[in-house]
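Letters A, B, C and D name the chains as they come in the text, with residue numbers starting at 1 for each one.
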């Protein structure tokens, strides 16, 4: 067979979203790839300029639909820096809990999608089943399964319902043995190792050259986790390890994500214990009522207090489940942010696609792209 | 690393190209420079100061002028740094950073199509997020979103 | 029971009906219609129709069985709202596909596009006429029925490739190429494993092979051959872990990407027909066909149609193992698959042939008959 | 009745071989239409069509995750015979599960046209129904019904999997009522 271009996408089982991977192949060997993005470009940065600070949170959930709370957290940190507001401690712990549960949820979703890419059918169902338990927890205090709108500038919307922490512990106790089962299903199989070892190798120097972060960078042996390196929120209060592997291949990424879920469970146990012991306010005192109101007031009168805030630029970066996300919020004193710019980890990870795809087989593309964990929503924004 | 340290390290290499280094919350500082010194600055920041990782490139339309900012981090110093330059709105172009940091490639494509800033010597300046042939630059302040009510009225007439 | 066969039933049917018609017709016509040749011909047609109906019904039940079993493996329930426990689900699918428009892509080769699936379906159905299901349900003594079955079985890559090529889709083409390569690679160990069985049984006739297993089932002495045959069948049936031609993750739906409507239904049916045939062959060659060990109480083996019932039970259990594998293993890559095929499977199958020859030469086969756990 | 049914058979002889198949098809269809379609065949096919809806397996945006969850262990849409297929040729149902942008609009139309008749479309979620929170955005199609005909709209942002199943069941009801 001579060389030819094939389009893997936008409707293709490999993509797990809406993007197009153009692949030049010779027989079954990949010669060149060209990711074509933008099929889900919804102009979130532009719409944010037209929205009030708290209204942007609505968009954040939809930016990355598998890690909505992490993106809320990202935006909130930047917005609070831009507006010079300090949230209460309990709110910070609640946000941390949200982010860690979201990390587990996102990684379970990744697991479900990834195993399908290598042809394992039933673990998809297992992953979705266990993810639903995490979503149930979210639902019990935010009211939604996926789009939460839980965090607010200056705190969080509401406190936990009674009995939540016990339920959370129950879910954590259920999850830990499940991780072992997942490992047995994947790592216990020789075929898995045959498929995934030494596949999609992206060395540490290549990662840094191409701006690749998150589990992909850590799978190459670089111990960089913003929660540890530059602790935001209250991550310096909790005790956990950074998951690292040194294969830089698909298996290593699998191991890193699995270990991250275990570490998240470890963090969550500490956070939940803290939340039990320390009741308190979840919204900063200095924030005017409209900022923390569960529903935006009707009409624009409520927004008049904006003038109290000085101009400023807020920058935040957090360790999102997919990697290192950054937000750059410019506050020009108006009721809307002047400019919001997000850095999506998936965007950078995908831009390096040529480096880790060329030279492998067509059949290797799904596992490699699965191990990258593509979330098109946050990539295209 | 403090803004003063940065200024001391950068000033001899860049000379007049460096406007100054401002403090920035949560970062090593914010380096403001003239676009003529862009490539020198990138090289110095990457090779001499060790900021090997470019996180993002973004553009802001300040109506009178446009700003392009680069966020870079260094693993050794465990620090972020913002590089920013102001470009005149009618002639917004700056040297591409993708020769120094390959990761700038897509970010610059996005900035080009969103804020209409041309990056000279960019290897592959195509549309990334909006369809090919799209003539608008959505993140300019002059580009207005339509109001929902407006659209409602329109569709009712259609 | 043993003298009532499927053919005798259909002969009786055709004989009765034709004679009844002949008795009311005027003289010259009645003589012509009760002619022995015509009765035989009609009997053969009835026989074929019965086989066809049985195979179709079996296939559809097999799909249901797979869906339910797969659902249970995946912690869910599978089809359950259409008919009792979802039994009518596949009929609904079939009727729906029958009604759908068949879209022929603009640049497709019309001859291959329609011939491919039809021929694939037909060759898969021929197999059913060859395989004996019980002492009564067979097409008589065919001295080389095993060889015929395997020969027909190996037509498939040709038709798959024809339909993949003619649908003018890159994914189909890649799927077709993979399919051809894979089936040809696994044909060889499959045949060698069968040779081991033939050496032990001393016959190419499937019925004889089953009767040779009266004392001991062949999976005991020929366990290596069974493993090779099973793996080869997995590859021939294109099921996980060897379902590369239809690998959903990279080749959208594999070689049937461009097929919809009835032609797609043909592919689905033929795939499951082949899966059924594969399971039947495993039962026939290694698990004693319709016979049961002698320690089984006579009440369980003497009721009417006991042979067919037990044969089907065995077949469905074997197919259940295929489904189990599908639910728990990842897919391998083409080059790995071919390497395993040529480098591992062929030596193993040669070994099994050697072992079979050794067993026959040193005359230690009856030993297996004395060990209760190995059959009888 | 008999007069209309008997039309094609004589003429078939005269037709060229090339035209035989469509003519025969027409004849058969005419025959079926006359004889038993209304009473026997139509209800059977209607029953079959509504009980085996194969949706197109694709994910546009947020709702795609809930779409996938609907096929997970807790909701298990396969109970109703809903099995996602990756190839549009084998689908009857397109569930538009997310925001449709102008960039993907023509691909969506292509996919819709690749699906064989009869086919249905479900607009899942607010984005597909009317643009949702991105209605004002420059790149978003305000409602997929601007591109393809939609049979059932599901509200929610995103709709829960139950809502998706309810939408599918409502589509089944719709097919039953239309008696197509």
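Everything that follows uses one rule, which is that a contact is a pair of C-beta atoms (placed from the backbone, for glycine too) under 8 Å apart; a residue touches a chain by one contact, two chains touch by 3 or more.
Predicted model only: the values in this text are computed from it and were never measured.
Asks: Based on mean C-alpha positions, I'd like to know which chain lies farthest from chain B.
Replies: With centres defined by C-alpha atoms, farthest from chain B sits C.
Asks: Please report how many Å separate the Cα centroid of chain B from that of chain C, as a whole number.
Replies: Using C-alpha averages as centres, the distance is 64 Å.
Asks: Measuring centre to centre with CA averages, how many angstrom lie between chain A and chain B?
Replies: Those two chain centres are 24 Å apart.
Asks: Where the centres are mean C-alpha positions, what is the separation of chain A from chain C, in Å?
Replies: About 48 Å separates the centre of chain A from that of chain C.
Asks: For chain C and chain D, what's the span in angstrom between their mean Cα positions?
Replies: 34
Asks: Give the residues of chain A that touch two or more other chains, as numbers and ranges in rising order.
Replies: Correct list: 12-13, 38, 41, 43, 46-47, 50, 124-126, 129.
Asks: Can you pull out the residues of chain D that are in contact with at least two other chains?
Replies: If we look for residues of chain D contacting two or more partner chains, we find 72-73, 86, 103, 136-139.
Asks: When you check chain B against every other chain, which residues touch at least two of them?
Replies: If we look for residues of chain B contacting two or more partner chains, we find 130-131, 138, 143, 145.
Asks: Considering only which chains touch which, label the overall pattern as line, ring, star, complete or other.
Replies: other
Asks: Which two-chain combinations touch?
Replies: Contacting pairs: A-B, A-C, A-D, B-D, C-D.
Asks: Okay, in this complex, where on chain A does chain C touch?
Replies: 1, 4, 6, 8, 12-14, 28, 115-122, 124-126, 129, 185-186, 189, 191-192, 194-195, 361-367
Asks: For a test of understanding, state which residues of chain B touch chain D in their complex under the given definition.
Replies: Chain B reaches chain D through residues 130-131, 136, 138, 143, 145-148, 151, 155.
Asks: Name, in rising order, each residue of chain D that touches chain C in their complex.
Replies: The touching residues are 44-45, 47-49, 51-52, 72-73, 76, 78-81, 85-87, 89-92, 114-118.
Asks: Okay, in this complex, where on chain D does chain B touch?
Replies: Those residues of chain D that touch chain B are 102-103, 135-139, 142.
Asks: For the complex, give me every residue of chain A touching chain B.
Replies: Interface residues on chain A, with respect to chain B: 37-38, 41, 43, 45-47, 49-50, 81, 208-213, 222, 224, 229-230, 313-317, 324, 326, 328, 330, 338-339, 341, 343, 347-348, 350-352, 380-381.
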